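Structures are listed in the sections that come next.
Paired with subunit B in one complex and with subunit C in the other, subunit A is shared by the two complexes that follow.
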Partner chain A sequence: MSDGAAGRGRPIHGHRTLRRLAVKVPQYVLIVLVAASANFALPRLMRGDPVLVLLGEDAGRLPPEAIAKEKEDLGLDRPLVVQYGRYLSGLVEGDLGYSFRHRRPVSTLLRERLPWTILLVGSALLVSTLLGVALAALAVWRRGRRRDVASLAVCTFLESTPPFWIGLLLLIWFGANLNWLPLFGSVSVDRSTGLERVGDILLHLVLPGATLVLSSVGATFLLARASLLGVVRDDYVLVARAKGLRERTIAFRHALPAASLPIATSVLLRVGALAGGAVIVERVFSYRGVGTLLLEASFGRDYPVLQGGLFVLTLLVVGVNLLGDLLYPRLDPRVRR
Partner chain B sequence: MRRRHRSGRNLAVAGGVVLVLFGLLAVFGSDIAPYDAGERAGRPFLEPSRAHPLGTDDVGHDILSELIGGARVSLMIGLAAAAIAVVAGGLLGVVAGFRRGAVDAALMRTVDFALVVPTIPLLIVVASYLERGMRSQVVVVAVLLWAEPARIVRSQVLSVRERTHVLAARTFGARGPYLVRRHIVPAVAPLLIAQFVRVVSIAILFEVALSFVGLGDPVRRSWGSMIQFATDRGAFLTGAWKWWIVPPGLCVAVVVCSFAFVGMGIEERVDRRLARGAAG
Partner chain C sequence: MRRKLIALFIGLGLVASACSSDDGDSAEPTPGATTTIPQVATLRFANTSAEKNITPWTQGSGYPGYYMMTLVYDTLAWLDPDGKPQPWLAREYNADSAGLRWTVRLHEGVTFHDGRPLTSADVKFTVEYLQKNARPRWVLTNIDRVETPDPLTAIFVLKEPKASFVLNPLADLPIIPQHIWSSIEKPLEQTTQLPIGSGPYKLVEYVENQVHRFQANPDYFKGRPVVNEIVMPYIATTQAAFTAVQSGQADAASASLTPELKAQFNQGGLKTAGGSGYRGWYLYMNTGRAPFDKAEFRQAMAAAVNNDDIVATALLGAGATGSPGFVHRSTPWANPATRDGRHDPNRARSLLDGLGYRDTDNDGVREMGTTKLEFDLITRNNDPVAVRAAELISQSVAQVGVKLNVTALDQTTAGSRTWPDYAIGATPKGDYTIALFSWAAAVQQDPDFLRSLFHSSTALGTLNRSGYKNPQYDDLADQQTKAVDEAARNRILGQMQDILARDMPAYPLFYPDDIFPYQASAFDRWVYYKGVGILNKATLLAPR
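Moving on to the complex of A and B:
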C-alpha cells in the first residue's frame, strides 16, 4: 500500500501509513491474543469435569477409554504452561479442536458456515451504507427543523427495535402471508446449479439482509448526516453557493464526495455490531451461517464450536477494523496530518 | 439554535413520560394485570376478547398479563445490569485516568478488547457456560457493557485533573482521595448519569436478544422470552402473531427508544455544562 503513495511522488504518506501500522497492528495482535487466551482459560475455570467442558457434553457418551485417550491428547495432566503453548501452536495451524456433536473438526465446520455469514453481513453493510448516505444527503439538502427532529426520532426508533423482531415481522408478512420469499435457510435443498443457484441464494438473502439493513440504516443515516453537516459549513461549499450552483448540485456533487469516504470507513468500524445482530437474525431465518452454528452449539453445550466460532468472528471483526484504520487516512486526506 | 434544543427536549420529555408509565407498570404490574401471569386463565390459543384483550397463549396464560409481568423482568435486568456496568466502568475509568501509568495502559488495552470483540456472540458464549437465570443474565450483560463508560470517564478525568482549580488544590497539598472526592467525582457524575441511561437501553436490547434465543431465565418471562415462546409455538402461521409477537416487540422498541431520547436530552445538557466548565 505504501508503494502506491510513494509512486505518486508523496513518499511521506507511505511512511505515515507504516507508522500507523506500527501502532495499530500490535494493538490488534494483542486483542487476538487476549481472545485466544480467554478461550483457553474459560473452560479451565469452569466447575465440572474439564474433559467434558473442553470436548463438549456430547463427548460424555464416548466410551471411558476414548475419554481417557482424549484426556491424554489434550495433555490435561501436563503443567498449564505446556498446555497453553500447545494450544497456541495448534491455533496457528488452524486447529480449533474437534466437535463430538458434529463428529468433525471445528475448523471444517466454520469453513462451511463462515461464507454465508460474510455474504449476509457484507451485503447488508453495503446496502445500508448506500441507503443511509443517500437518505442523509437528501435530508441535508432539504433541511428543516421539523424534518430533522422527525428523522432523528425515526432513526432512534429503528435502532431501538430488536432486529430479530423486525425479521419476524418481515418473515410473517413477505414469507408466510404473501408467500413471495422463502421462509428459511440460505439455499434450497434441490441441487440447482449455475445461475439458478445464484438466484436462489439471492432470494434467500433478501429477508435476512433486509432485516439487518433496516436495523442498521438509522445509525448510518445519523452518522452520514452529521458528517455532511460538518462539510456543509466548509468554505468550498460557500464558494459553490456563491457561484450560484443549485443546492441539489452542491449536496450531491460537492458535499457528498467529500463526506462519503470517512463515512464509509467509520461504517467499516461498525461491522462488529452488525455481525452480532446477524447471529440472532440468522436464527430467525434458520440461515446456515456461523450464528446458527453458535446457537446450536450453545444448546448442545458444544464448547469447542462455541469458542472456535467466537474466535473466528473476533478475527473477522478485528480484520475489518484494521482495514478501516488503514483505509481511513488514505481516503480522507484531512486526517493525514 | 435555541429552537433546535427545544424540539430535542420535547423528545426527551416524551421519553421521560413513557418511562414513568412503564415504570409504574413494572412496579404495580401485579395489581393492574387482570390475571396472574402464571395462572391458567382460560382455554389455550384464545383470540382477543373482552376477558382476554390479547388472547391466551398455548397453555392458557393471559397474554396481556404476561406482557405486564414482562415489563418488570426486562426493566429490572436492564437497570441492574446498567447500574453495575456504569459503576464498575466509572470506577475503573477514574482510577485509570487519575493514576495513569501501567494501571491505565492495562485498563485501556482491556477496553480496546471489549470494544472490538463482537458482543452478541460473546454474550451467547458466556451465557452458555453459566446457569440460566436472572442473576447470571445481569452479570453477563454488565460484563459486556462496562467498557464504553470506562473510556468516556477516563478521558474526562484526564482533562479535569489538569484544570487550574485542581492543580491549585494540589499545590495546597491536597492528596489523591480528597481530590477524587472533591473534584473528580463531581466532574464525572453528570457524564455517568448520561452513560447510565444510554447503557440501560443497550442492556434491555441484549436481555431481549438473549431471552429470544432461549438463554434467558427459564421461569420468569421477559418480553424476549415471550417472543421466543410465540415463535416456537408457530404463532406466525396463524393470526396469533398480531397479539402475541407484535406487542412485546413494540414494548421493547418504545421503552428502549424512550431511554435513548432521555439519554440524548441529558447528554446535550451535560455537554453544554462541560463545555462551560472547560472554558472557565
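Moving on to the complex of A and C:
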C-alpha cells in the first residue's frame, strides 16, 4: 500500500479512501460475480423439478402439453446458458426475476421480508456485541475468579451450541412455563396499530433475538476477553493503576478502547454468520423474514427466489465487509500508511 | 447489568399483558338458537402448511389446504366424515343406465359471497375452465360436455362411463363463479386476489407465511357456521405449533402429534381428536431393477418385514398395519383373502435360497456371484416415524440376510428419485431400488387409484412408482373404471388385489393414527374426517 508519499507529511484522508476503493472495489465486484454464478448454479444442482413441485407430484395426470406450457411460462424450456444470461442481464438491470411459487416479483417479496431480517439480525448483533464486551470487561477485571471462569465456561458452551437447539429449548421452556412471550410470527395476527403494534413487534423479537444473541454472544465474549487480556498487562494500564484509578475505570476507560479494534472488525465480519443463523432461527419461530422465504423456496425449488434472495444477501454481506475495509484505517492509525 | 435486563424483561411482560386484547374465544350461546351448539367468536388454528392463496389453482396441500379451500368453495356432492358421498350443492344426482349421462339438480337460492346466484351455468363454466386450465386433481378429459336445460339442472355427458364419477369430480370439484373467472386468463397467477365462493366461510385476509383469516358466511344455504372467525397463523415447525396449542396461543393445530406426545396432550385443558387414518406408509420396490424384478424376491422382502413390530415400536401402538393386497382393510372393496400380511422370516429365507442367494462368505449378507444383497432404503427425513420405521425394516430384513442402508433425504429429493420420470415427460425410470414413502388418504378413498398406481401405460399409470407391468392387471383396471354396477366392480377390484398380493410391487406397511391436539375450553366439537383431519365443514356446521 505504501509508496513514496509515506513519511512526507500528513496523508489526505479522502485521497486515501479513494485509492483504497480503487483497489478494493474490483476485488469485491469479482466476489459478487462468482457468488451470483454460484447462486444460479446451486439451486439447479439440487434434484427435483420445479414444475413437478408446482403442479403437484401427480402432474403426470395432466396432458403433456399442459406441462410443456408451464415449463415455457417459467422459462425452464430454454437452455441453461440462456437462463444464465437472462439472470445476469436481469441483475444488471436490477430485475431479480419472478417467483415460480408466489407469482410475484422477487424484489417485492424481498422488500416485504428484508426489513424483518435486518431488524432481527441488527438487534441481535447490537445486543450480543454490547453484552459480550461488557461480560468480557467484567471477566477480565476479575480474571481468574469465579465469575470469570463461569462466564468463560458458559460462553464456550453457547459458542459451540447450534442455534436451532437453543431456539427449541427457549420455545419449549417459554411455551410451557412463561406464557407471556409470543412463540411464533414476527407480529400478532390481530390487527393492532400505532404504539401497540411497536410493542407487539418488539415482543415478537424477544425469543428469536435471544436465540441469536445466545448463540453468538460467546464468540464476542471470547474475542473481547482475549484482546482485553492482551492490553491489561501493558505499561499504560500499569501507569493508570499507579495513578490510583479504580479498576473498573481502568477496564472500561483505558483497556477497552485499546482492545476495541479486533472487536469492531469482528462485529462486521459476524454479520454473515448471523444472517446464516437467522435462516434457522426464523424457521423455528416462524419469523417472516428472508430466511423463511429462502428455506421454502429451496423446498419448492423456486429458482428465482433462491437466486435473487441469495444475491441480495451476498450484496449485503459483501457491502458490510467493504465498509469494514474502508473504516479500518480510520479506526487504526497504523494501517493508514 | 443483569438487574437492568431483568427489569427490561418485566417491563416487556407488562407491555405484553397490556397489549393482549381479551380472548374472544370464550363460548357463548347464540340467542334464539334452536340447537345447543355454541356460537364461538374466534378460533385460532395453527397451520403448519405453507398454504398460498386458496383458489383451485394456487392451493397446495391436501390437508389442511384442500379443506381450507372447501370452506370457501362448495362441491356438488360432499364426502361425509366417513368418506361416503352425500348431496351438497346438488339436491340429487343420478346417472342413466349406461352411466354416460349424469343429471345434477342444484339447490335453489344458493349465492356466492358477492350475492350473485350459483347456477348450472357456473357448473358448466367450471368444467370448461378446468378443461382449458387443467389441474392434476381434476382431469376432466372424460367429460364430453355439460348441458344446462335450466338454471338449476346440469347434465354431464361422458365419453366413457366412470364408476368413481361421484367421488371425483362431483364430490371433489369446487364450483367457481363464472362472473369472476371468465376474465382471468392465467389462474396460476391468482396469488393475491382473495377468492369468492359459495361456501360457509369467506377468506377476508391472507398474508403469505403469516395468516389466513376466515369470516363466517351468515347466509350460508346450510345454515350459519358455529364459529364466527377462524384465524390460521402459519407456524413453520410442528414442534412450535404443538407448543403454541399447549400454551394456549393457538386453539388447535393442523399437524398430527407423534405418538409419544399423546399423553402429554391429554391433560389439563388439552385434548386430542383423531383416529385411524388412510394416510399410509408403503414399501416400494423398483420392479425394473434386479433383483427386485423377480416377484419371489419382492415377496421375500415383504415376508421379512415385521409390520406388527413397526406399529408397536415406531408408532407405540397408535396405528394399523397394511394388507398385502394394497387396499386398506376397512374399505368396502377390500378383498378378505388378501387382508393379512404374515411376518414369516423362514418363508423369506427359503424364497431367497430358491433364487440362489446364499451367504457364502459368512458376513451375514447373502450374495450370488458378485451380486451382494445390499441396497439403500430411501425415505424422507422430515417425519420421525418414517425414519424409525426404516430402521426397523432394515433390522428385520437383516435377519434373512439382506442389508438395507437407511438413506433419509429431504422430501423433494426423495420424491424426485422415487417418482416416475414420465410424470414430467421423460421415460419411466425411478432412481431407486427400494423406498419407504407415504400416500395421502385419497389413494384409499377412491378405488380408481388402483389403476393410476399400477397400470403399465404411462398415460394411465401416472402414479406407478414401482414401474409395475402386468397386462392382466391392466385389463382388470380398465374394466373396473367403467363398471357402473357396484357388486361387479368389487369383484374385479378383488381380483386386482389378488394379483397385487402375489406380485407385490408395493407393500403397505402401516397407517399411523391421526392425533390432533386442541384446547377443549376454546372449542370441543371437532369432527375427525376419517383419515384426513379435523378442520372441515362437518366440524364447522351444526348438524341439521
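Following the convention adopted for this analysis, the second predicted complex is superposed on the first by the 256 of 337 C-alpha atoms of A that agree within 3 Å, B and C clash if a C-alpha of one lies under 4 Å from a C-alpha of the other, contacts with A are read in each partner's own complex, and residues count from 1 in each chain.
Definition applied: contacts are C-beta pairs under 8 Å (C-beta built on N, C-alpha and C of every residue); 3 or more make two chains touch, one makes a residue touch a chain.
Treat the numbers as computed from the prediction; the structure is a model and nothing was measured.
Using the contact criterion defined above for the overlaid structures, shared-chain residue A:59 touches subunit C, although it does not reach subunit B. Once chain A of one complex is fitted onto chain A of the other, the partner contacts of A:171 extend to both subunit B and subunit C.
Once chain A of one complex is fitted onto chain A of the other, the partner contacts of A:31 are limited to subunit B, with no touch recorded for subunit C. Shared-chain residue A:182: touches subunit C; no touch with subunit B. Shared-chain residue A:283: touches subunit B and subunit C both.
By the document's definition of touching, of the two partners only subunit C reaches A:103; subunit B does not.
When the two structures are aligned on the shared chain, A:309 is found in touch with subunit B, with no touch to subunit C. Look at A:292: by the touch rule set out above, it reaches subunit C but stays clear of subunit B.
In the superposed model, A:201 lies in contact with neither subunit B nor subunit C.
Residue overlap on subunit A between the subunit B contacts of one complex and the subunit C contacts of the other covers 46, 168, 171-172, 176, 283-284, 299, 301.
Residues of subunit B that touch subunit A in their complex: 3-4, 7-8, 10-11, 109-110, 112-113, 116-125, 127-129, 201, 205, 208-209, 212-215, 224, 227, 231, 236-237, 241, 245-246, 249, 252-254, 256-257, 260-261, 264.
Chain contact summary for the complex, subunit A toward subunit B: residues 27-28, 30-31, 34-35, 42, 46, 145-146, 148-149, 152-153, 156-157, 159-162, 164-165, 168-169, 171-172, 176, 272-273, 275-277, 279-280, 283-284, 290-291, 294-295, 297-299, 301, 303, 306-307, 309-310, 313-314, 317-318, 321. If you check the complex, the residues on subunit A that touch subunit C are 46-49, 51-53, 55-64, 66-68, 70, 73, 101-104, 131, 134, 138, 168, 171-172, 174-176, 179-190, 192, 196, 199-200, 202-203, 206, 283-286, 288, 292-293, 296, 299-301. Residues 1, 12-13, 15-19, 21, 44, 46, 50, 52, 58, 134-137, 139, 141, 188-189, 191-192, 208-211, 213, 231, 233-237, 239-241, 243-244, 246-249, 410-413, 415-417, 419-420, 422-425, 452, 458, 462-463 of subunit C touch subunit A in their complex.
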